[in-house]
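The two complexes that follow have subunit A in common; it is paired with subunit B in the first and with subunit C in the second.
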Partner chain A sequence: MLEPTAPRRKAPLDTRHQVETPEGIDLPLRPAGLMVRAVAFAIDLGIRGLILGVLFIALAFLGKLGMGLGSLLLFAISWWYMVLFEVLRQGRSPGKQWLGLRVVHDDGTPIGWSASLLRNLLRFVDLLPFGYFLGALSCLQHPTFKRLGDIAAGTLVVYSERPLSRPQLPDAEPRRSPVPLTLSEQRAVLGFAERQAELSPARVNELAALLAQPLHISAPKAVSEINGIAHGLLGPTP
Partner chain B sequence: MRLSDASVVIRPRTTWEAMDLGVLMSQQHRRLLMTSWAIVTLPLFALLSLLLWDSPSLAVFIFWWLKPAYERLPLYILSKALFGETPTLKQALREWPRLLKPQLLASLTWRRLSLSRSFVLPVTQLEGLDGEARQQRLQVLLQRNGGAAQWLTIIGVHLETALWIGLMLLFYMLLPQQIETDWDWQSLLLAADQDWRWLEHLTNVFYALILVAWGPVYVACGFSLYLNRRTQLEAWDIELVFRRLRQRLNSSVLGVLLAACLLLPNLQPVWASDAPDAPRLLNQPLTSQAARDSIQSLLEQPPFKNKESVTRYRFADDPASPAKDAQPGEAPQWLKTLLGWLDGRHLDALANVIEVLLWGALIAALGWLVWRYREFLRAFVSRRPNLPSRSKPPAPPHVFGLDLNRETLPDDIAASAEQLWLSEPRAALGLLYRGLLSHLLHDFDLTLKAADTESQILNRIEQLQRPDLLAYSRNLTVHWQNMAYGHRLPAAHLQAELCNGWRELFSKGSGH
Partner chain C sequence: MKQSLFESHHKAEWERFAVALERLEQGKETAQVSDFPKAYRRLCQHLALAQARGYSSFLIDSLQQQVLRGHQQLYRHRSRLGAQIISFILADFPRLVREQWRFVAAASLLFFGSLIGFGVLVYLFPELIYNLIPAEQVREMQGMYDPVAGHLGRSAERAASEDWVMFGYYVMHNTGIAFQTFASGLLMGVGSGFFLLYNGMIIGAVAGHLSEIGFGQTFWSFVIGHGAFELSAIALAGAAGLKLGWALIAPGRLTWGEALRLAARKSVLLVCGAMLFLLIAAFIEAYWSSKTSVTPLTKYAVGAALWLTVAVYLLFAGRIRHAPE
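Moving on to the complex of A and B:
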C-alpha cells in the first residue's frame, strides 16, 4: 500500500534554489528544467549543423587540405563549441542565451574551465544509449534538474536574471500606509498596482475589498487608496 | 480551494519555469503517479496486444490514441495533492471510472490531436466546463500560455521517441553475443511477419513503459502551466498575501487592545530600558562600549574575516591606444588573395605541412607532459626510487683553526718538528698535533667535525682499537693542551720522545 507521498506540512515546493553565501546571504537561483534546456540544445545543435554544413561545402573545393581542415573543424566544433561559449560568455551558448539560460557552479559562481570541460565531456554519457536517454531521465528525476554531466561537474543551469523595467502604476495620489507593512506585503501592494492592467476589474475590486476593512478605508475607494499606497512605496517617479 | 493550503509556492512564473514546477510536482508524487499509471495502462496494453496479436502496429496506435483517457488520473492525483489531500493509490484508482465520464468522446476524437491538450484538460476536468462556457474560458486562458503548452507537447513527442529508441537500443545492447549474430536488421525488416511478431510486441511494451515515466510528467507540466496562467490572471499570490495581511491586522488589533488593558503598568520599565541608542551599562567594569569594541576587534580577526591580497597579471586596458578598427574593405581582399593562392596543387603540400605541424605539436605536448610529471612517472618505472645518495659530508679542512690539508704539511713531519723545537716549540707541537689530526682524517678515515674538542677526538681514537695510536695521541694531546692553552713549555726530553714516537707510528705507515 502506498502512503501519501507528501507529509502535510513540508516546505512548499518551489522552483527557486537557495544558495547561502559565506556571508549569510541567500542567493535565489532558478534552475532550468528539461524542456527549456532541450529547446536550447536544439538551437545550438542547429547552429552547429549550419556552421559545419556551410564550411564543409566550402572546404570540399580544397581537396586533401579541405578534408584535413574539415576534420579539425569537426573536432573543434563538437568538443569546444559549448566549452568556449560557456567559459568565455558567462555560461551562455547561443541557444542558452536565446532562452535566457546560463550555466553556473552549484554555488552560483561563474563556470570555469574544468567544470565546463567535465560537463561537456560527459555529454557522451548522457547521450547513451540514444538521444540523451540517461540525461533526460536524470534531468526529470533530479530536484535541481541536473543531467549526469552537471552532477559530476557540480554545475547548474539557471535562468539568468532579466533586466527589470520600471513599472507603470495607475495614477493615484501618493499616500502613506496607515499600518507598517512587511517586505512581502509591500511587494504585494506594488504587485497589485503593477498588474492591475492584466486583471479584470471585478477581480481588482475583490482583491482591494480584502484590505478595505483592516486598513480602515471605504470599500468603493479601496482600489485607488491601495494604488496610492503603492505610489507612496515606490517613491517619487522621475 | 484554500490557497493558503497550497503545497507549492504560488507566484507568477515564466512559462518555462511553470513547466519546471510541474516536473517538481511529479517528482514529489512520483511513486503514486507512476504506480497508478502503470496499473491503469499496462493491463489495457496487454489486452490490446492479445486481441490484436496479428497487427502490433494497430495495437500500439490504439494504445497511443487512448492517452487522454489515462491522463485524467494523474491530474486528479495532482490536483488533490496541490492542497495537501494526496489520495492513496486505492482511492485514486477507485475514482478513475468516474473521472472518465465527462467529455470522454470529445477528448478521444476531435480534441485528440490538439497540441495544448495538457493545458486544456484541467478546464474540462477540474472546472467541469462544457460547450460555450468552455470555449470562452479557453479563449481567455490560451491568450498567453497556449504557445508554451504546444511546445510542451512537441518536446514530449520528441522525448518519447528518443526514449523509445533508446530503450530498444539498450535492449539490443544487452543481448548476449550468440543471439545477436542471428539478428541482422535487414533480415528483421524483410523477414516474414510471423516469426518476428513477438519482437514487435516487445518494442510496443517499451513504449508503454516509457509512458509510465513520461505520461505523469506531461500531465503535471500541463497542470502547472494552467495554474500559472490562473495565478497571473487572478493574482492568486497577491490574494494570498492580502489575506494574510488582513488576518495579521485583525488579530493584532485585538492583541494590542488586550495587551494594553492587562499589561500597561508593567510595560513602562521595559520600554525605558529598551531605548536602542542610549548608552547602557555605564557603571560596570565592562561597559557596553568596551564590549562592543572588543567584539568588533575579534570580528576583524581570522576566523571571522580572512583578508588576503592577491596579485595577478592581467591585460591592462590601455585607453591611450586607439582600438583597431576593422577596415571593411580589407577582409574580403585578404580572403580573396588567400583563396586565389590556395587554389591549385600546392594545397596538398600545405596540407602536409599542417599535418607535420600538428603531429609535432602532439609529440611536443606529450614530451612536455612526460617531462612535467617525470618525478611521478619515475615512481612507476624504476623498481627502487633512486633516493638521492647520501653524500658524505666533505671532511672539514680545519679543526679548531688547524689546517688539515695534507699539502700544507711538510713531508717529514718529525724532522720538521725537531728543527722547529728549539726556536719555536709552540709551532713544533702544533705541527705534530696538526699532523696527527691530518693522519687521522686521511689515513684512518676518522670523521672529524670542526666543532670537535680534543677529548672528543680522543674518544673517537679509542674506537679505532689501536692502543699504540691511542697512547701516543693521549700523550701528544696533553702536551699540546698544556702548550696551547696553558702556555707551559714542554720539557726538553719530550722532544725526542714525541718525535720518535711519531716516527715509530707513522714512518712505517706513511707508505700506505
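Moving on to the complex of A and C:
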C-alpha cells in the first residue's frame, strides 16, 4: 500500500520515511520495527496488569461498590490506557517511552484523539486469530511497519530523536582540496572526519587509501590530508 | 560562507529556539510563543542552506532534529474538546448517521432482521432455543426473568449499591461487544456482519423463548427502556464496521490504504456516538429498568418514549444550522 505523504523517489537502503513539511523541508522519520514494538507492548501489558491487580485488591475492601468500580476500571484501563497516554503524553505510553518510541500521524505531527482511538480499537483485529498474528503479518510486509490499526488510522510508530553530541574532529592543518568537490563529496569528507573516532585505525587507513588517488593526495599521509581538507571546509583556509 | 562562520552567526538564535522548544514540550507558557513560528521557519531556512552548502552531517542532523521537534510543536492538534463534544452530540453525530444511512440501514437490517426473525422462529418452534443457546444458560435466563421471584435483571437481590455493580458490568460488557462489532469490520466487513447477525440471533432467541413460556411481561418491561439505546448502539457500531469493510471491498479510485483511512475517520465518530448511547443505556438499565416498584405499564410507556426519542434524535437533530457553530 502506497503512502500518499511519501512519494518514493528511489528505494532507500535504510528504513527512513521522508515527510515533507509545509516549509519544504524533508524530515526523516525512523519507523520502529516489529520486535521493539512487541517489547514495548509487553511492558505496557505488564504495567496494566500491575495497576489492575493493585486496584482490585484495594477495591475488594469496598464490597459491592468496589465491584462496580472495578469493572468500570477494567473497562477504562483495557480500552483507554493506550489512548490516554498517547494523546496526553505526545504519543508515548510508558512502554514506548522506555524503548524510545512514539506514535505520530503520517505527516509527523503528534497523534490526536480520533487517530489514537481508532488505532487502539482496531487492535482487536490485529490480535486475530491469535497473539497478534494479523498485526505482525501486516507489520512485517509494510514498508513503514504499520499494523492494520496504523494503516486505518494513518499513524506511524517511530523512534524518538535522541540528543546528538558534537563529534571531535582529529587535529590537522586546514587546507584546500586539490580538486573541486561536489556537495555530496564534501559531506563524505566531513563525515569521514567526524566519524573517525568510531572506526578502527586500520579501517580509517583503508578508507583514506581509497580516496588518495581521486583527491590527488599522497597515499601514506592520506588520513591527515583528508582531515585537513575537512578542517578547510569547516573553517578559514590560509 | 564556511560552516564555522555560519554556526557562530546563528548559534545564539538556535539556543533561544531550543529553550523555547523545551518549554513548549513540557507544556509551560513561554514568552517566545508569539515568535515561535517565525523562529521555526528561520530554522527551516538554515537547514535548507546547510544542506545546499554541503555542511557536515552533524550540523545537518542536529538542525533536522530541531526542525522535527519544532514541527511537532507548531503543527500540534489543538482541540477544544468541550465545544467539540457538545457540537458532536447536538448536531454532528445525527448528521453523520443520516449521511451514512446506507451502512446504518444495512447494519440495522442485519441486526434487527436476525433479532426479529429468530424471535419469531423460537416463539413458533420452542425447542429450537436449545439448538441456539446451551441449556444451562437458558435455565439461568429463566431464573432471571421469573415473574414469581419478584426481581429483575442479572442478580438475585438488588440493593442500591448493586446498581453500581450492574452499571459497571453493563458498560464493560456492552461496550466490549460494540467495539468488537466495529473492529472486526476490518475483515472486509465479514466480522461486523457476523457479530450483528450473531448478537441479533441470541437476543431474539432469548426474547422469543421467554415470551413463549409466559415470562414476557417481566422480560419486555425490563428491556424496553434501555433497549432503545443499547440495540441502536450495536447497530451503529456495526454500520461503522461495515463502512470500514466496504472501503476495502470497493476502494474506488483510491489505494486500499487511503480508502481505508478516509472511511476510518468517519466510522470512528460513529463508534464514539455508539459509545455515548451505550453509556446512557447502561445508566437506564442499572437505575430504571431494574426498578420493581414501577408498574409494567409505566415502563412500556417510558420505553416507547425512549425509542421515539432515539428515532427523533437521529432523524431530526442538527437539521437546522445555527449561526455559532
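We adopt the following convention: the second predicted complex is superposed on the first by the 196 of 238 C-alpha atoms of A that agree within 3 Å, B and C clash if a C-alpha of one lies under 4 Å from a C-alpha of the other, contacts with A are read in each partner's own complex, and residues count from 1 in each chain.
Keep this in mind: contacts are C-beta pairs under 8 Å (C-beta built on N, C-alpha and C of every residue); 3 or more make two chains touch, one makes a residue touch a chain.
The shown structure was predicted, so the numbers you read here are calculated from the model rather than taken from an experiment.
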item: Contacts of A:Q168 with subunit B and subunit C, given as first, second, both or neither; value: neither
item: Partner chain in contact with A:L234 - subunit B first, subunit C second, else both or neither; value: second
item: Partner chain in contact with A:L148 - subunit B first, subunit C second, else both or neither; value: second
item: First, second, both or neither for A:G112, with subunit B first and subunit C second; value: second
item: Subunit B versus subunit C as contact partner of A:L27, first or second or both or neither; value: second
item: Overlap of subunit C and subunit B interfaces on subunit A (superposed complexes); value: 1-4, 63-65, 68-69, 181, 184, 187, 191
item: Partner subunit A, residues of subunit B touching it in the complex; value: 6-9, 12-14, 16-17, 19-21, 23-32, 35, 81, 84, 86-90, 151-152, 155, 158-159, 161-163, 165-167, 169-170, 173, 213, 217, 221, 232-235, 237-239, 241-246, 249-250, 253, 342, 347-348, 350-351, 354-355
item: Contact set on subunit A toward subunit C in their complex; value: 1-4, 21, 23-25, 27-29, 63-65, 67-72, 74-75, 79, 90, 104, 107-110, 112-114, 117-118, 121-125, 128, 148, 151-154, 161, 164, 166-167, 181-184, 186-187, 190-191, 193-194, 230, 233-236
item: Of subunit A, residues touching subunit B in the complex; value: 1-6, 8, 10, 12-16, 30-36, 38-39, 62-65, 68-69, 99, 129-133, 136-137, 140-141, 143, 145, 159, 179, 181, 184-185, 187-188, 191-192, 195, 198-199, 203, 207, 210-211, 213-215
item: Subunit C to subunit A touching residues, read off their complex; value: 2-5, 25, 40-41, 44, 47-48, 52-58, 60-62, 64-65, 67-69, 71-72, 75-77, 79, 81, 159, 161-169, 171-172, 175-176, 179-180, 182-184, 186-187, 191, 244, 255-258, 260-261, 264-265, 268-269, 271-272
